[in-house]
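Think of it as A, B and C in the order they're written, each chain with its own count starting at 1.
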Amino acid sequence: MFVTLKDVRKSYGNLEVLHGVNLEIEQGEFCVFVGPSGCGKSTLMRMIAGLEEISGGEIAIDSQVVNEMEPAERGVAMVFQTYALYPHMDVRKNMAFGLRMTGHSRAEIDQRIAQAASILQIEELLDRKPANLSGGQRQRVAIGRAIVRDPKVFLFDEPLSNLDAELRVTMRAEISQLHKRLSNTMIYVTHDQTEAMTLADKIVVLRDGHIEQTGAPLELYDDPDNMFVAGFLGSPRMNFIPAVVTGSGARLICGTDIDLPELSTKLTQGQKVFVGIRPEDMDEESPQAQTLTRSVIMLEELGGTRFVHADGAGAEPLLVEQRKRSAEAPTVTARFTTDRMRVFLENGARVR
Amino acid sequence: MKKIRRIFGKDIGAALFFLMPALILFTVFTAIPVVAAFFISFTHWDLFRPPTWVGLDNYTRLLHDPIFGKVMKNTAIFVLATVPLQMGLGLLAALALNRGIRGQTFFRVAYFLPAVTSTIAAALVWSWLFNSNYGLINAGLSMIGVDNVPKWLASTKWAMPAVIIVSVWQNVGYAMVLFLAGLQNIRADLYDAAALDNASGWSRLWHITLPMLSPTTFFVLVISIIGSFQVFELVFIMTEAGPANATNTLVYYIYQNGFQFYQMGYASAAAMILFAIVLLITMVQYTTQNRWVHYDT
Amino acid sequence: MIRRKTKKSIVDWVLFVLLLVGALATCGPFAWTLATSFKPDAEVFTYPPQLISSNPQPGNYVDLFLTLPMARAIFNSLVVVTSITILQVIVCSMAAYAFSFLRFRGREALFVVFLMALMVPPQVTLIPNFIMVRNFGWIDTYRGLILPFAFSSFGVFLLRQYFLTIASELIEAAKLDGCKHWKIYLFVVLPLARPALGALAIFAFVSQWNNFLWPLITTTSPEMQTVVVALSSLRGQFSTDWPLLMAGSIVAVGPVLIVFILGNRSFISGLTAGSFGGR
């Protein structure tokens, strides 16, 4: 394993914010830490970078424990959310600074800058000061500054959150291509599940200083360990319908009975559960589909698809995605198959 | 080393390096002297013989010293006159300039020039202006028909007002510049809101400008008072505390006793009184500031 | 609406005239000083006083520099004040760096101690400092004039305020770039803090040029006097030679006024930054 975290903890005084994180990242892997704000994802990255002290546990990079190492000795490079370009230096000096500080020769510095600049297509910006660059250009320079150091691990701390929506999509694609091209290990922090899904080889979902689940994007999407992961990944988010277990199935909050053939053995009669179904799985044309009819509250027509908001019957409104156009109707009938249903206990744990 | 870092924080080594020059200079020229001044004030010391411990003798002497009584009264009059004058005039000038009157930079520099001028030079110039026979001021006064022109620096009645005038002249620009910066820090949307509320110019001044300016006012008040208590150079050049101690003030008295009469203990005791007054005023102001200072959150 | 506008412009005109009168009061004495400094002695004691001399004489300035030790005093002041300014910028910026970017135990407490020193009137430490400097044998030396002022709590306070506006990511980026603290200080923080360093330098220069009491008591020979002290001793020697004294005042004030007028923007911003930090 290339980057290893063993029972890593962080506390400020008596307040523990990371409660024993265990994680392994392979060489060349693109690993995304995702979670709501305050979950500890940035702190964890900063600990890997060496910008925060490690209160407990062990971090190793390339099979070397780095706990006591200075940030620069760890072989990591970081792209900051605010880019953190030195305002008093032009782009070339910004990129050269780290190499100069670590004693590289002039020739090598020039060569590496030229190479990075051509990868990122920023050759014509080299003599400008950061103040004279656009947001996207600063972003590129910040990445360039990381590239020239040829680090073992790239760290990205919410690098796209200061860009406008359109640019964010473009840069996301560029970062993805960059990873394919450089094939360095990359760790990327974001609160945006779309970025996580599109970029990652491996997603690490964090909440309240814990890892909730680790895995490939589709693994997490299709097979979440708990309600939090199921709800966090995917937009619009999964419907959670409160239900009570009956014989071989469950009675939903609206009174409709559904079958839960395989899971019923793991549940007891009368137990309260949540049935999770993604909006896009609610309009199946399958003969096995079960149905659920609710009255429509609101319709969001997006052209290619539409979202029908239906009465929640006392719980949250139900969201049904319909990809086929049909006439507006006062009710909507959701059709879903058993294999797309996920059942969760009241405490959020997945029943498998 | 690891243990030291754990106890004193991870950057303790670098901190020692960066703070070393400041710590040494601060200890030698500020910390130790403050403590020493306190102890010297309990001694008789003329610098030629070793000091002798006399307990509270210097302080009881100060209490019964009629000149010291006069010094304290003069200092109080000086502070009470200069602080409101320089703050009031400074505020008026700042309010006027803040209306967007042309030539703001010129006025700012013009009003601030006296503040960067050496007080010694200023005192010399004003001694000449106040010269009772050939000075410009008395010439002007008799031109407008004043018969009995004051003898200013030679008069027990007019010497103090003359010193006060020069002090206000020197410090008005400082107050103005601070007030102006404070005014420009007030958010414009407050005035927009007030304009929508149909507030008149006066009520905007009263209900927005002055309350929002109060942190600046507080700061200017604190430093003006502390600065006024330390008046020395004007007295030194203009009157040498005279005539008949009419302009003798606390710091001049400290200087006189320490460096003219070589009574280091007695001068130190007077300096401790000055210290106590400054501390007391600062504390009173900080504890009462909640009642009238509004910080924009 | 139109009436309101005219009313405002009338008020502005009245205020403008009042401000001009005020400016005359603050700047008039400078003009009068300059005028007097060129007057022949006899002309000073005429009544009514003439504003501009009919027969201006540069003789007073010649006397100041040729027969009186004013040139030497200016040299002394330049040496002393420049040294103090450079030292203050170095010492205060180093301390401010520690207070802004280093994590160590007792940081806040030590900073409070430095802040409290701002409240100690300089006259309190005057006597012990004098005795100490005298015992060191530093009377009539540059050391004795410079070192007691090489550190300033105000300077630390001012620079820290500014340093705290520097994004912490920049410091972190420099750490990742392989900088030790002294390199971050030298290559990142100091270049970024140039406006604040300039403000402190101008402030230190002006206030030290005008400093009087300390050089007065720690210099005994005319060779070591600073300009301001030399000016005050002129007063003792030539108490009624007003043109000479006015010429001396012009010489003493001139350098500071030049520094101030050239750098008034950063000087004033430094001063006001100090005040708003008090929040």
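Keep this in mind: a contact is a pair of C-beta atoms (placed from the backbone, for glycine too) under 8 Å apart; a residue touches a chain by one contact, two chains touch by 3 or more.
Computed from a predicted model, the values in this text were never measured in an experiment.
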From chain B, the most remote chain by mean C-alpha position: A
Geometric centre: closest chain by C-alpha means: C
Whole-Å separation of chain centres (CA-atom averages), chain A against chain C: 57
Computed distance of Cα centres, chain C from chain B, in Å: 16
For chain A paired with chain B, centre-to-centre distance based on mean C-alpha positions, whole Å: 60
Contacts with 2+ other chains: residues of chain B: 10
In the complex, chain A residues that touch chain C: 49-51, 70-72, 76-78, 80-82, 84-88, 97-98, 101-102, 145, 149
In the complex with chain C, residue positions of chain B that touch it: 7-12, 14-15, 17-19, 21-22, 25-26, 28-34, 36-37, 40, 47, 89, 93, 96-97, 99, 101-103, 106-114, 116-122, 124-126, 128-129, 131, 133-134, 136, 139, 143, 169, 172-174, 177-178, 181-182, 185, 215-216, 219-220, 226, 229-230, 232-233, 236-237, 251, 254-255, 258-259, 264, 267-268, 271-272, 274-275, 278-279, 282, 295
Footprint of chain A on chain C - complex, ascending: 167, 169-170, 172-179, 183, 187-188, 191-192
Interfacial residue positions of chain C with respect to chain B in the complex: 12, 15-16, 18-19, 22-23, 25-27, 29-30, 32-33, 36, 44-45, 47-49, 90-92, 94-95, 97-98, 102-107, 110, 114, 117, 119-132, 134, 147-148, 150-151, 153, 156, 180-182, 185, 206, 209-210, 212-213, 217, 227-228, 231-232, 235, 242, 245-246, 248-249, 252-253, 256-257, 260-261, 264, 267-268, 271-272, 275-276, 278-279
